[in-house]
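Next come two complexes, and both contain chain A; in the first it sits with chain B, in the second with chain C.
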Partner chain A sequence: MKKVVGIESLLAWRRQRAEAEAPPAPSGAHLLKLVQPWWEMWPDRFAASVRRLAAVQLSYGYAMAHPPHGHSGHPVAALISREQDGDQEAPARILYVSVRDGRLRLRFQLAPIPRSDRVYDVTFISETGLRPILSASADLSGEDEYRLDVELPSDLAAAWQSLKVTDPMPFRFILRPADSN
Partner chain B sequence: MEFVWFWTFWHWSTEGFRSGSLLRSPLQGISSHWDEWYQHEASGTERSAIDALGFSVFEQRRFLCWLTRQWAKDARWRGELLPARYVLAQLSRVRPFETWTAFEKYRTTYGSPGIAAIVLDEDSTGKSEDVRRVEAVALPLDEDAASAAIVSDGFHTDAGELSTARRAALSLLNGKGLIVFLTLWLLMGARPYPRYLRVLLFAGWLLVISLIVRLLTGQDPGAGLITLAAFLFTLWSALVIVAIGVASSLAINAWRTGRALRNRVERRQLRFRMTDGLSVHGGSAGLALCLNSLLAAQRSHPLLANRSWLWERFFRGLRGASRTWAATGIVDADGSVEHVVLEPKIRACVDNPAITDVLTPWQPDAKQSEVQKVVTSGRRAAPARSNPGMVLGFASTKRKLRSHRCRHAAQSLMTIGDFTSRPQLAANALGLVVTVVMALALPDIRNVLLPPAAPRIVGPGSPSPYYLWVSLDTDRPDAFTAELESSFWSNRRADVFAYGGADASVRAELRLSRNGRPGTIDEQDGTVWIQRRRKFLGREFESGERVASYPFAHVTRLPHE
Partner chain C sequence: MDLEKHPTVPRPAPFHDGSSSVQHTQTTWPDAWLINAVRREPPDEEALDALVERYWKPLYARCRVLTLDSEKARDLAQEAWLRVLRARTSLQPEGNFHAYIMTVATNLWRDNARAAVRAGPAADNRLASLEAPFINDGDESIALGSFIADPHTLSVDDQLLLEMDLDEALSRLEPRLRDVLVSRYVGGESAAEIGQRYGRSEQAITGWIREAIRQMKINLGEHDFASHEERGDR
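After this line comes the complex of A and B, so read on.
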């Protein structure tokens, strides 16, 4: 015996079943927590990293016969923060910096480290106040360079507009391998 | 204009560097700059044009040709031509070129072959693969403080080893190493004489020798002595002037050119490339790295080395040797080559059919006979093919590996440039011996050709009645003799010497003894003659002209004080 079922009732049946199997919708508090930056989620860990980063005194020592002239960059203090291995200092060389149309384009190279990752979450820590000012994702580009492209807040865009790669950088880095988030 | 997008990229890169948005120079950072430009700066049209090239291998090759023949000549950086092959090697690693077939060969080479290094694999006893191709290029050094003067590409090694090899190369270009090289070359190095001139010069030296022998053992030439001495002196002088003039001008030229090359290397970054991703332990690749540094210096400005015959010849040899020579040895900063473990390395060279010559430290197991033993044992140990009914027929020539031992890297320059010349060494030895003999004979030749003015007899006289002192006011005592002719006293002749002490003077001392049959009773009778002395080395010729005469009485009355 053939039972005739209308298409509307079939769709209604399917919707009811999907609703019954679907996970509950996340709460507003949970969504807020997901967009929270990591330094607010783990303030103790961030404070420890900043303390260590602040202790890094980084500059080139010129032991050469003739001082360099013109195009010489300044190293940027960077800390690679891994959950398992702890923090590791690895000074970064800024290879390219461009602030245009409110976006920062940056390429940097880390000092040789035993293990490098393909993607880092980069937290910019202000050089003066040691506060987090920006966060972006940096991808490995080429063999040993990382590149990031991020929209800047208007105040930073204005302040960094004339930044040159040869200037001392107004920030330090905390790098977190992307898979550790 | 073709490939205008590459010019757009180059302009973006140079302007980015000048404006301070890029740290590394357009040449040093070309792969990184390209990656940034292609992925984030190029317009859609430009990217489409680039990607369209990638679909056709023919178009890819056309782009490569344009890059090497056109762009590299036009797009100068700091007034210098760009090393096209290095640029290709860098670009071959980034998108989209990393997938282009035409870039395939540049992914593993700079296209600048050099002397191979012998780096043994772990547990290797010497295999063909242990002979590693080494390439080196010298790029303009960036001013960035973190920019290294030496970079290893494709392998890892202690930075100190690379630095030592670079310092040894600098020393060879203009330093102690070059002094050692020039000394070796002066002693036994070939000269740039045409064949006829070489024969002529050798004949000249033989003629000088025959003239010396003639003067020492032949008949007294009498009045012809002046002609002979003049000819001998002129010929010898001409030969010495030619030898010293040619050698010194070449050496000075080599020094100046070496200094220019050294300055170039000091302002450049040396990049060494060795494939296989080895982590090299030990410094036995030092000699190969040192020689390849020299090659990189020359390739950075090929015309510079052509100013010097010595450097031009050496670099010609080095370029020719770059595919068939290998080197092993630890070099220090001054260029001294120290011992290494050799046998497996020789075996590796024997196993590699491309290698015909190997530069080694000066150690016993590097002798040609020892190397030949390894060659022979290698042939015997070669596995025989077991194919029933077939017999191997060896129609190939006998494998020969030439070993060149060096105590100093400068000796490797001599070897590679093929400077060592046994005939020149023999000619130099001959010339040196002849010159020493001539130097000893020069005062005598001078007395013959440029006789001093006739001297006067001066005090002091002899304090003893048994001696006659003939003191002369001359500073060339060996040019004169004094002779006494008397009817009362025995005739005597004495050479003039410079005496020291309380009675210092230039004088001849004649012992006075009465004539057995005196022709007079006047003991003041007699004449003292001053004659020119003619001699050549130890041989005395007949006395020359008499230049002065004094009465015996005058000479005896000279006061002693």
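After this line comes the complex of A and C, so read on.
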């Protein structure tokens, strides 16, 4: 007579088989290398980008020349850092910002540039100390809008909790095309 | 399960007995010590090795059952570790690390599934909508009934066939139902715990699990597992 089992035993059996076929675990060194931020891997390049970013002055004239659509706030100094072409200034305008449940949801628009990319790795540089404080991926959404959604460290989540789109942003951007990493 | 935030368990002093290697010592450390060592700057690579090794197989297995693809499972498991490492300074050594990393992997998989839905038909791993309503025929009598041959009684070849059929049946479940089924019966989470993740009541999750089982029965039934034992063509 055939012995039969239920879904629980069946899935437990499947899990055991999956465990048995697991590839070797990656080494800790390999994982740590993968999470090493670019500013630690190329400190000189990062320092040069930050120097240039710090020198960017966003003028009232820029804001007037690039009227926002809908409710949006101050421009944010941004630099596009490309492997071959070097750094290019491309001020961003925040269209939406929300910090809820420890996540930052942000939409921004870049000033018109000759060449834009579908995905940028966005490094948030603190406005005050010019230090890297956050890294996230932003996807092109629609014509010229980028969106990002990222979990925040608890200190930033607390500090940015009440941030509104009309507030001056406490950060600047270094944008790196995702395929250049 | 809140593993992040409060570091309280100190990392023990390095163990020197003149014979045991550090690596060997760290494999015997409890999670809290390993996590504390990984939280440091720079992180202790050997402690990380031990922690990864300890959870790699169950993590991979969970990812394998969710993604139903060995390559994707490996990538998902590795990505879960990367997420954990990026947030390592806020890890809570006394938390339930096993539950934590499984949840990280599950959430990543759910995010990927949502992205695939947004990407539409062009996505290479398009999945049914996470929020799509399922048909609940009100059959409250569905339980964990016995409906399939015990895999351990099957031949090696038939076990392989059953594995493929089971993966196929799971692949037909929409991601939400696959997740709750796997979380409940592979991860051992309660309906209430799953409900917390989804922001739904325990009762709602129980209904989802029941629906997942109902669909699995239908999917598996189409394959006539009984015939595996009886087929002479292997």
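The criterion applied here is as follows: the second predicted complex is superposed on the first by the 140 of 181 C-alpha atoms of A that agree within 3 Å, B and C clash if a C-alpha of one lies under 4 Å from a C-alpha of the other, contacts with A are read in each partner's own complex, and residues count from 1 in each chain.
The criterion applied here is as follows: contacts are C-beta pairs under 8 Å (C-beta built on N, C-alpha and C of every residue); 3 or more make two chains touch, one makes a residue touch a chain.
The model shown is predicted, which means the values in this text are computed figures rather than measured ones.
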**Request:** Give one of first, second, both or neither to describe whether A:11 is in contact with chain B, with chain C, with both, or with none.
**Result:** second
**Asked** When the two structures are overlaid on chain A, which partner does A:22 contact: first (chain B), second (chain C), both, or neither?
**Response** second
**Request:** Considering only the touch criterion stated at the top, classify A:141 as touching first (chain B), second (chain C), both, or neither.
**Result:** first
**Prompt:** Can A:34 be said to touch chain B (first), chain C (second), both, or neither?
**Reply:** second
**Fill in**
In chain A, both chain B and chain C touch residues none
**Fill in**
So, in the complex, the side of chain A touching chain B is made of residues 60, 62, 68-73, 75, 93-98, 105, 107, 141-143, 145, 147, 149, 164-167
**Request:** Give every residue of chain C touching chain A within the complex, in rising order.
**Result:** 4-5, 43, 45-49, 51-53, 56-58, 60-62, 64-65, 70, 73-74, 78, 81-82, 85-87, 89-90, 144-153, 159, 163, 166-167, 181-182, 185-186, 213, 216, 226, 229
**Prompt:** Which of the residues in chain B end up touching chain A in this complex?
**Reply:** 16-17, 19-25, 29, 31-33, 35-36, 39-40, 93-94, 142-146
**Message:** Per the contact definition, I'd like the list of chain A residues that touch chain C in the complex.
**Reply:** 2-19, 21-23, 25-29, 31-32, 34-35, 151, 153-154
